[in-house]
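Listed below are the structures to be examined.
In the two assemblies presented below, chain A is common to both, partnered first by chain B and then by chain C.
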Partner chain A sequence: MKALCNRKGLLAAFGMVSGVAPTRSPKPILQNLKLVVDTEDGSTLMATDLEVGIRYRVLGVKVDQPGSVILPTARMQQILATSSDDEIAIEADSEGLTVRGLRSQFRLPAEDPDLFPEVPDFGATSYHVVGAADLRRLIRRTMFATDVESTRYALGGVLVELSSEAIAMVGTDGRRLAKMSAGAESENDAPVPQGMPVIPVKALKLIERNLSDDDPPVHLTIQGTTAVLVRTHNAVIYSRLVEGRFPRYQDVFPAKADVKIPMEVGSLRLAVEQASIVTSDESRGVDFNFAPEALTLASQAADVGSSRIELPLGYEGKSVEITFDPRYLIDALKNLDDASTITAELIDHKNAAVFKTDDGYSYVVMPLTRER
Partner chain B sequence: MGIIKQLPASVINQIAAGEVVERPASVVKELLENAIDAGATRVDLSVERGGKDLVRVADNGKGMSRDDLPMAFTPHATSKLVEADDLFRIRTLGFRGEALAAIAEVSKLRCQTRQVEDDTGSELTIEAGVASPIKDCGGPPGTVIEVRNLFFNTPVRRTFLKSDSTEAGHVAEMFARIALAHPTVHMTYRSSNKVVHDLHPVTGIKERIAIFFGRELADSLLWVESRVETTSLWGYVGHPSQSRSNNKSQFLFVGGRYVRDRSLGHALSEAYRGLLMVGRQPVAFVHLEIPPEEVDVNVHPTKIEVRFRDGHRIYSQLLSTVRQAFLSSDLHSRLQAPHNPLVDEPANEPPPQAAFGLTSPDPDRQAVGSWFTTSKPTGFQSFPSPGYAGGPATSAPAWASNLPEPPTPSRQVAFNEFQDEHEVKATVVANPSLLPSPRAIELPGRGVTLKAIQVHETYLVAETADGMVVIDQHALHERILYEELKARVGQGGVESQRLLVPEPVDLSAPEAAAVLERRDVLARLGLEIEPFGGDTVLVSSTPAMLRGVTPEQLLRDLADHFRSSVLPPTADAVLEDVLNMVACKAAVKANQRLAPEEIASLLDRRHLVSDSHHCPHGRPTALVFTKAELEKQFGRI
Partner chain C sequence: MIRQGPVGHIDADCFYVSAERVRDREIVGIPVGVLGNQGACVIAKSYEMKAAGVGTGMPIWEALPKCPEGVYLKRDFRWYEVLSRAMLAIVRDFSPRVEFYSIDEFFFEAVAMRGKTLQETAEALRDRILQEVGVPVTVGIARTRTLAKLISDSAKPFGASAVLDRDAEEVLLADRPVTEITGIAGRRARTLEPWGIRTCLDLARADRRLVRDLLTATGETLWWELNGDPVAPIRTERPLHKTLSRGGSFGEATDSPLILYAWLVRNLERLIEELQYHEVLAGRISVWVTYKNGQSASGRLNVSVPTDRFDLLLDAARPCLRRAWIRRGRAERMQLIAEQLTSRHDRPLSLFTSSDVLERAEAIAGVKKAVNNRHGRFAIRSAATLPLAAIYRDEANGYDICDVRGKVCF
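So, the complex of A and B:
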């Protein structure tokens, strides 16, 4: 294998891909990246930890001799980052790997590229199509609510629900739940996936990093009940699904709520952030008093102090007092557009509260109760 | 003719022997107790081959008359009991009247006895239950009983005996139990013609503890005593640095009798909760003196178990007494520096204490130096007044007058006239101006500024008034956090985070029962549970402060806690468990560099902690290296 690579292009690819390679693995070859150069199919940089895999298209590679090479992640990244050359020559033979710049040359041991596990490619012909900006928003607004520690349920990821015209993602840690829906299209009558596919957080982060809002639409397919494949503009990302059961989240939404209070996201977030200043780990509750004309937030912690914040409301109805862990609200609010409107749907101080936006986002939070 | 027959007396005795006489040590126990019941002031025990060949007990008690002698070896004949009601006011060690008969049935026994007023003694020989005629014999007043060839007529039984040394070990253990229960009796123990112990009568059991368990243990003992109504309790408990892997070093004496009692054993471990590492057992020598009506000793043939009329009260008394002793004592672990042979040389010379003629052999051991300087005097305030130590007013059996004398608290630490000079030299932190002034020593620790350095990013070394202290930063911080949390939670309610989806937790049947029984207590801590069929418990809310702990883990830990405690746990005890978990997660870890300000703040807050000696898990938080010990190690004294 012999090729001349654009240094910046390869470095960018390294930045995207290297996070997938495990720093320690019982299978040491996984700690490296694999570069495949080909005159026809283009060049691909790939990494996998066998749970998650990525194939990233590298641009600006002039191929002398097609083939593949194993690149040691950390050293190669340093070489690329410290070099000032525009192009770097990579040449591999059975003896090792030579990296050559204009005035530098490195000789590195090379492992057999055939030993590197195959990173699955996007082979499906029928798949779902989601806008890149939509998918980013779906991930950002649900991923934070997950709980990777959970042993009983598969909460270490986000549940994906796909239909021919919509996609929804649901993340929960058992105390709050975030659900986001958006429109989607189906290519070649993509089937509705079996079971409840849950994409792990690690893969979601990787997908999110590979997306930018003006990218072309993203292709997504669920392979049986075990894996998900996502094709973005530059990369194909593979991930095994989280094994286990996702709770029946539909039951979490209260059947009816009497009280509906619309609020502006930005001002609510600031009020909650202020109220959370005087909470502590042992006393973290903030009392929300939704009353006509104003929402009052009050917090009190034994050795921290107390606070009282008022937020004017355009609400006329009965008062509801409820206590929340403010962090749960902030988590959700900071992923929303400050100028948008969020509507709180409440029943009483013991039942779940739902916050909804008009762009398909629902966030359910269980209140705190306190022995007084 | 029917097949059900009355057994011959000898068979009955052999069956009884199976219960009472299990091994030579059982013979030793019965004979020693008889000697003490006979009012002996000196008892000599000798055994051959672990007691298999010979057990000989000679006492100087009141002896028996010639007429009584054969009766003593008749089953169910005793001088210690007259009517059935006497069973409930037993003041002697024995009373069943079956031991001697049983022993005589399975051995070759010879008994020589003489009463003081008689001119000649009487001698009776019994072989396998068959007595020879009584002969005259000479000898001092008292009784000598020789038991030879135990189990010679029950060969099967004999094969069950262990090796000579094992049996000798059992005999020694039995001897120790009785010697500890009766310190005023001069007791000797010879095994295979070698004197193992020659115990002169003493007034306190501490000397005997030192002989049996070593000086180091005896020196670390803490005196405990209390009296509730008619029940008196006194004795020594071990410093938490002295722990054992089993409960064999827990000696509980009820009415001068060594007993084993699960609930009192539990009271002890409860008292040490948080002071010992998990799995370690405390050391204790505790005498309980209780009116005979309040305790039933007729439960077990060898009387190793007793029943208390009001076991609960005694449980609480033991627990609170020991706890109280800890609260008023200094429990810092003392640093055990390895002895350097070179340094040992001078240390083997007569200790300087002797040279200065101090009564207490090593006061610095008892009055350990620490930054809790005030605890030195308070630690001994609970000592009984001499009048009280003379014995309780209730009808006390003879042995009860053997109350150990309260150790005299010696505050004379300054036996070293070179002290001042050394103090500066031995200072770890080379800043003499920071030496606590004598005035500061009188004040509680909070007034004293400690200057400390961090070593290995894990330990803090600080100078104290009379030595230095090495502190485990994680353990101390954890303890401080725990106390702060406790105070904070005490002020306000506990927040509870409800779950969106109640989480089912599968437990074992006893675990599930244990937690469901305490639903109310748990609910007040924010942990709401309900039964979910079978052994599954549904958790619908969890304490908000425990974010990182899964409901399953929490519930299991609590179930373990409930099951291991005898008494129904209070809400406080459960809360304590929960707080322990929080504190451990929040405390600074080992290998964490602390800024000087952080160290200062950590040390400044140590007084907030009511028991700063140990972290909630029972590991010590600090090791004290007294100046005296430093000087000893460096061969200065």
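So, the complex of A and C:
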């Protein structure tokens, strides 16, 4: 294998891919990346930990001799980051790997590329098509609500629901639940996935990092009940699905809410952040009093102090007092546009509260119990 | 705002032994050792037994040849707590602000009795405890708690000393190795050694910034305290727990998964008592197992919502034990730790558990608690603990040092 690579392009590819390679593994070859160069198919940088894998298209590679090479992740990244050359030559033979710049040369040991596990490619002909910006939003607004250390349910990822014209993602840790829906298209009658596919958080982070809002649409397919494949503008990402049962989440949405209060996201977020200043590990709750014309947030913690924050409301209905862990609200609000509107749908201090935006986002939060 | 005056430190002399002597005068003046977990080790000894060469932590089979004439007794923390609280009540008579530091040590704001000096007050306190409780103690009074403890340590046994002027402090500090300061053990002492800091006075006279560099903020606190500036306050209430744990040595190492599981369940039932006492719920559980060959392993998991429910916590603890289990390894200790504690009064509700289920589970837990309150601890317990029948039969295992509540220290 012999190729001349654009240094910045390869460094950017390393930035996207290297996080997948485990820092320690019983299979040491996984700690490296595999670069395949080909005159016809282009060049691809790959990494996998056998649970998640990525194939990333590397641009600016001039191929002298097609082939593949195993690149040591940390050292190669350092070489690329510290070089000032525009191009770097990479050459591999049975003896090892040579990396050359204009005034630098590195000779590194190289492993047999055939021993690197196959990273699945996107071979599906029927799949779902989702806008890149939509998929980013879906991931950002749901992933934070998951619980990677959950014991009872498969909560270490986000549930994906696909139909012929929509995609929804649902993340929950058992105390709050985030659901986001967006439009999707089905290419070649893509089948509706079996079971309840849950994409692990590690894969979601990787997908999100590989997306820009102005990218072309993303292709997504669920393979049986075991894996998901996502094709973005520059990468194919593979991930095994989270094993286990996702809870029946539909039941947590209250059938009917007595009170609906629209608020501006940014103002609400600032008020909640202020109220959370005077909470502690022992006293996390903030009392929210939704009343005509104003929302009052009150918090009190021994040895810390107390606070009272007011947020004017254009609301005229009945009052509802409810206690929330402010962190749960902040987690959701910081992923929304400050200028947008969020509507709180409330019943009373014992029932789940639902916060909705008009772009398909619903966030359900259980209140904290508090003696009143 | 509280401005702190002189600090007193009171430390019972050979407390467990002294406590045994309160109820059995026949063992006064003879070598006595108190045995810990399943009678395997000496956890406290009288001065007579110490003179025979028996040390704290020594296994019984090593202690017996050294002191065959000694009397060896099983620990009885219920009794020790009775005496500890009696001593505490007397100290509270002498001071408006008392810290229940440990079962046999208290710190207090030293206030001179009417018409008496602080030295005479220290003596009066010591004498009254002996007279009313029967336990000999040593009392130290100084400008800070670190100095007070050093003074009481140096006045043992049955001493009383108030040292408040700098010259007298320096004489005392010059005489004591730095390792006598609580918080400076071997590793920290070795860090100080190259800088010529060997005695307490060396540490007090060292440059403050150097001490902070070497021993971090903990060391700097000691530096201020040794120089008479009371930066470590008297804590009249126990600070809220960040974590709660239950566990300890098995007495006999085991490679049986069944016995390990029995210990897990026993520790969980004890941990739940503690969670309920402190009115907190656990958001995360971790299990540590230590093996005879020095290995240790652990597992940690979140529970779905913070809880003190036996079924939910066991659901989380079981896979933790699986992660901490080393096949064929002979386990000798286990620690079960509740983390991410949340006040019971600020409890997050679950999206996926109906209030009916919650009420039913709480009703069952309530029955278990009520029966045990009425008929004795562990009268109802999980059948998984049956392999530990011998542990439950031995009353000494029914109440441990960690069951003595309200102490600031272990």
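One rule holds in what follows: the second predicted complex is superposed on the first by the 370 of 372 C-alpha atoms of A that agree within 3 Å, B and C clash if a C-alpha of one lies under 4 Å from a C-alpha of the other, contacts with A are read in each partner's own complex, and residues count from 1 in each chain.
FYI, a residue touches a chain if its C-beta (ideal position, glycine included) is under 8 Å from a C-beta of that chain, and two chains touch if they have at least 3 such contacts.
A quick note: this is a predicted structure, and the numbers were derived from the prediction, not measured.
A.B. asks: Given the superposition on chain A, are chain B and chain C in a clash or a fit?
C.D. replies: Once chain A is superposed (C-alpha atoms), there is a clash between chain B and chain C.
A.B. asks: For A:209, select first, second, both or neither according to whether it touches chain B, chain C, the two together, or no partner.
C.D. replies: It touches nothing on chain B or chain C.
A.B. asks: Quick one: classify A:100 as touching chain B (first), chain C (second), both or neither.
C.D. replies: In the superposition, A:100 touches no partner, neither chain B nor chain C.
A.B. asks: Contact-wise, after the overlay, does A:281 reach chain B, chain C, both or neither (first, second, both, neither)?
C.D. replies: After superposition on chain A, A:281 lies in contact with both partners, chain B and chain C.
A.B. asks: Name the contact category of A:151: first (chain B only), second (chain C only), both, or neither.
C.D. replies: Both chain B and chain C are touched by A:151.
A.B. asks: Could you look at A:366 and tell me whether it touches chain B, chain C, both or neither (first, second, both, neither)?
C.D. replies: A:366: touches chain B and chain C.
A.B. asks: Does the superposition put A:240 against chain B (first), chain C (second), both, or neither?
C.D. replies: In the superposed model, A:240 contacts neither chain B nor chain C.
A.B. asks: Please pick the stretch of chain C from 255-263, 273-281 or 327-335 that overlaps chain B when the two structures are superposed.
C.D. replies: Once both complexes are placed on chain A, chain C clashes with chain B in 273-281.
A.B. asks: Using the superposition on A, tell me which residues of chain A are in contact with chain B and, in the other complex, with chain C.
C.D. replies: Residues 149-153, 172, 174-177, 247-249, 252, 281-285, 323, 325, 350, 352, 364, 366-371 of chain A touch both chain B and chain C.
A.B. asks: For the complex, which residues does chain A have touching chain B?
C.D. replies: By the definition above, chain A touches chain B via 149-153, 172, 174-177, 247-249, 251-252, 280-285, 300, 302-303, 323, 325, 350, 352, 364, 366-372.
A.B. asks: Which residues, counting only chain A, touch chain C once they are in their complex?
C.D. replies: 147, 149-153, 155, 172-177, 247-249, 252, 281-285, 323, 325, 350, 352, 364, 366-371
A.B. asks: Residues of chain C touching chain A in their complex?
C.D. replies: Interface residues on the chain C side: 240, 242, 284, 300-305, 315-316, 319, 341-343, 345-352, 355.
A.B. asks: Could you pull out which chain B residues touch chain A in their complex?
C.D. replies: My answer: residues 485, 488-489, 491-501, 503-504, 524, 526, 541, 544-545, 548, 550, 552, 582, 586.
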